[in-house]
Amino acid sequence: MKIDSTRPKAHAPVVAGMPAADTPPSPLEINGLTVSYGDTPAVNDVSVAFRSGAMTAIIGPNGAGKSTLLKSALGIVAPLSGQVTCWGRPLARQRHRIAYVPQRAAIDWEFPARALDVVLMGMYRELGLLRRVRAPHLARAMSCLARVGMEDFADRQIGRLSGGQQQRVFLARALAQGADLYMLDEPLAGVDAATERAIIAVLKQIVAEGGTVIAVHHDLATVPGYFDRVFLMNAHAIAEGPVATAFSRENLDLAYGGRLAPDPAGAAGARDAL
Amino acid sequence: MAGVWRRTRPGQRARAMLSEALFLQLGYNATLVTIGAALLGVAAGVTGVFLVLGKRALVSDAVSHATLPGIGLAFIAMVMAGGDGRALPGLLLGAAASAGVGLLGVSWLTRRTRLGEDAAIGAVLSVFFGAGVVLLTVIQTMTAGRQAGLETFLLGSTAGMLRSDALVIALAGALVLGLVLALRRPMTLAAFDPDFAIAQGLNVRRIELAAMGLAMAITVIGLKIVGLILIVALLIIPPVAARFWSDRVDHVLALSGLFGGISGYGGAALSATAPGLPTGPLIVLLAFAIFALSLLAAPRRGVLATLMRRRRAGAPGAGGR
Amino acid sequence: MGAEFVALSLPPILIGTLAAIACALPGNFLLLRRQALIGDAISHVVLPGIVLAFLVTGLVAAWPMMLGAGAAALVSVLLIETIRRLGRIEPGAAMGVVFTTMFAAGVLLLEQSDTSGVHLDVQHALYGNLESLIWLEATGWDSLWDAQALAALPPELPRIALTLLVVAGAVLLFWRPLVLSTFDEGFARTLGLPVRAIGVGLVGLAAMAAVAAFDAVGSIIVIAMFICPPAAARLMTDRLGAQIWWSIGFAILSAVLGYMLAGYGPLWLGGAHALSAAGMIACISGVILLLAALFGPCRAPAGLRRG
């Protein structure tokens, strides 16, 4: 399954099976993407096309470049080379259809903003520089908070929420963007069980309504329960496909270098799941 | 622009003066100042390493500006006690006291409020400096026309430095240097990884306070020669420059002391060669020259070395960005 | 409080107040971005800027000097950024290297150049001369409606008023992108906001406020007003809008109270000479910050509050 980057069609995306003629264009197609911090490439010539209307997990060992892949696909980190297209068009034209939920951190939790203010930031594209925030905007922001079960905390300063609650507020901000593609970086890392359930329920609802979800995920045991498809990587792309076929022992060995998983419990879970 | 350099001596004579100055042949006073500045530079360079490693370089800026009200108060107190008011030890003691209060202020604001250290530094720096300026105007009215000359502490002034002044500076500098060297292990640990240091049973807060206290001592000692606005340069620039040349703390310490010493020595010697060449700025500019050289030419971490490595690696996309 | 007040105290109070607000506004965002010390750096490098402007033009005029100071501020920010990246040095140290060096160069240039005939010295750059900005043509409050008298107002007043207008207008217009990119730069980037340009724009705005304010009141007030009113406001509220208003209130309070105390305080105490207004304004802003740190409703850091 390992991509042979020397073949003539080097940048052909990895998709399990030939896509049918009527398959909708991929919401995120990455071609020959290479990103490097210093001398070693974090993402090495990765090509992949994510399936529309699916919930895909990006998995791989620590330092496999999963977060970097998301960030460079979104233009947050500049790649050395490679192209990214969304629904067959350049990213810049499609930004309004994409919502990104970063991994925790990189935020000043003391910032003077309430949960509601954070969600309203998701509507920037509508509000622009000067349009006033009116009742319909507020109502939509509140309904986004309600979808993640946070409507009672709208007035709370974000630093005064628990880690899981903060994560849910940021998911609500993404919902407020009204996007078609949701990209999440480890949305379930370090959150409580209630938050994990709430987040998964919201993500499944997004997919049920026709949206696409791509999430970096670290817990192999929960991959089959939560996701439709997986993309395995370890700096280079290894495989992309439905969980039933791509989430195989062979691919996991390729990704994790034979030791399967960093975490024995997860590894056992993965084996059981197969 | 010609007028700018009008005072510069014809080249030959200047060169002769410079070599005389560098070899300490410019007379007793200039020699004293030069040796004092060199010692100050060594002590500051070594002390500053721990500030820079602990990412707290600019705390010293707050501390140095916070000396001004202490200088003013000490002057007023000494005049009221019937003294001269300009005695250096008294002024330095006052400077140290108010710098200490400023240092505690920064740490109190950072720990007890949600403000970041940068805000605490800026607040203490500006408010203490403002208070010092108010006190200077109070002193102007007290002395009624007679110059107290406290403004010289802003930029330093080596003119009319007494032998006793130079001795105070040299001795205090040597003392600080000794203390820094004695405490270098715990200070390295605390600066590099505070959590690990705590796990090792070290009192990190006290060690950090000691490091800052030593930096404060340097600030106070340096007031006379470099002045309170520029003294932080001696604490920051040599360590940053030294860091380029080595990854080992003991080497960085030695190099930083060397760079600081060269800057102090060279700056003081240069300034003795002509009027209108203030000591403090010259010391800072020399230190910066060493920094610039290190930034460009240091092996491994320098810009040139990085560029060459990148070219040699020949990564396909290396030129792409 | 009649003619004398209007002629001697009103203009400096107004200029001080407008300068304080112009600095406090961008200061709020610098504070939230942990770039509070940019203001410190900018106000140090103003000196070489004005000295160079003087050497090039040979004039002690406001516009060339403001241009020089503005250019120096931009150069310093670029240098800090370059050194930080090239040398992989932490921002604080990079800043320390750059502003001390530029200040030293400014002092050396000043000493080397023949400025004996003009009023250009380090002290003036540091504490300005707010007290000298008087309005001699004023004969009383009526002069405020007298076009001829108004024309003789110190030129610093319209300059700083214009600056404040531009700064406030820019903050208002770009409020949302500013807040967004300050709060969550990564998110702002996914929205396609020009995060870099916003950051540079903010620093440019701060530099503009600093240079105009410096021209009127000296460096101390500039640093103090960049940091103290926003910092105190930060401890009063968890809402950004409210924080801005608090900081403006604190800036006004510092400027007015500071000037009055410096000017009239010694007289009330029986002294004869006024104290440094710039220094006193900085002191008052410090007292306000101290009170906010002791009693402000939102003073505690998150760690203490949650635990």
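When the chains are written out, they are named A, B and C in that same order, and each has its own residue count from 1.
Simple rule for what comes next: contacts are C-beta pairs under 8 Å (C-beta built on N, C-alpha and C of every residue); 3 or more make two chains touch, one makes a residue touch a chain.
A quick note: this is a predicted structure, and the numbers were derived from the prediction, not measured.
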- Leader among chain pairs (count of C-beta contacts): B-C
- Counting only C-alpha atoms to place each centre, which chain is farthest from chain B? A
- Item | Most central chain, judged by mean C-alpha position against the global CA mean | C
- Give, as an integer number of Å, the spacing between the C-alpha centres of chain C and chain A. 43
- chain B and chain C: spacing of chain centres that average the CA atoms, whole Å: 26
- Interchain centroid distance [CA atoms averaged], chain A/chain B, Å: 49
- Item | Sequence positions of chain B contacting 2 or more other chains | 114
- In chain A, residues with contacts to at least two other chains: 110
- Two or more partner chains touched - positions in chain C: 34, 234, 301-302
- Message: Under the stated contact criterion, what part of chain C meets chain B in this complex?
- Response: 31, 34-37, 39-40, 44, 55, 83, 86-90, 92-97, 100-101, 103-105, 107-109, 111-114, 122-123, 126-127, 220-221, 223-224, 226-228, 231, 234-235, 262, 266, 271-276, 278-283, 285-286, 289, 293, 296, 298-302
- The residues of chain C that touch chain A in their complex are 32, 34, 173-177, 179-180, 182-187, 189-193, 234, 237-240, 242-243, 301-302, 305-306
- Query: For the complex, which residues does chain A have touching chain C?
  - Reply: 71, 74-76, 92, 95, 98-100, 102, 106-114, 117-118, 121, 124-125, 127-130, 157, 159-160, 173
- Message: Considering only the defined contacts, which chain B positions touch chain C in the complex?
- Response: 1, 3-7, 52, 55-58, 61, 108-109, 111-116, 118-119, 121-123, 125-134, 136-138, 140-141, 151, 154-155, 229-230, 232-233, 236-237, 239-240, 243-244, 276-278, 280-282, 284-285, 288, 291, 295, 301, 303
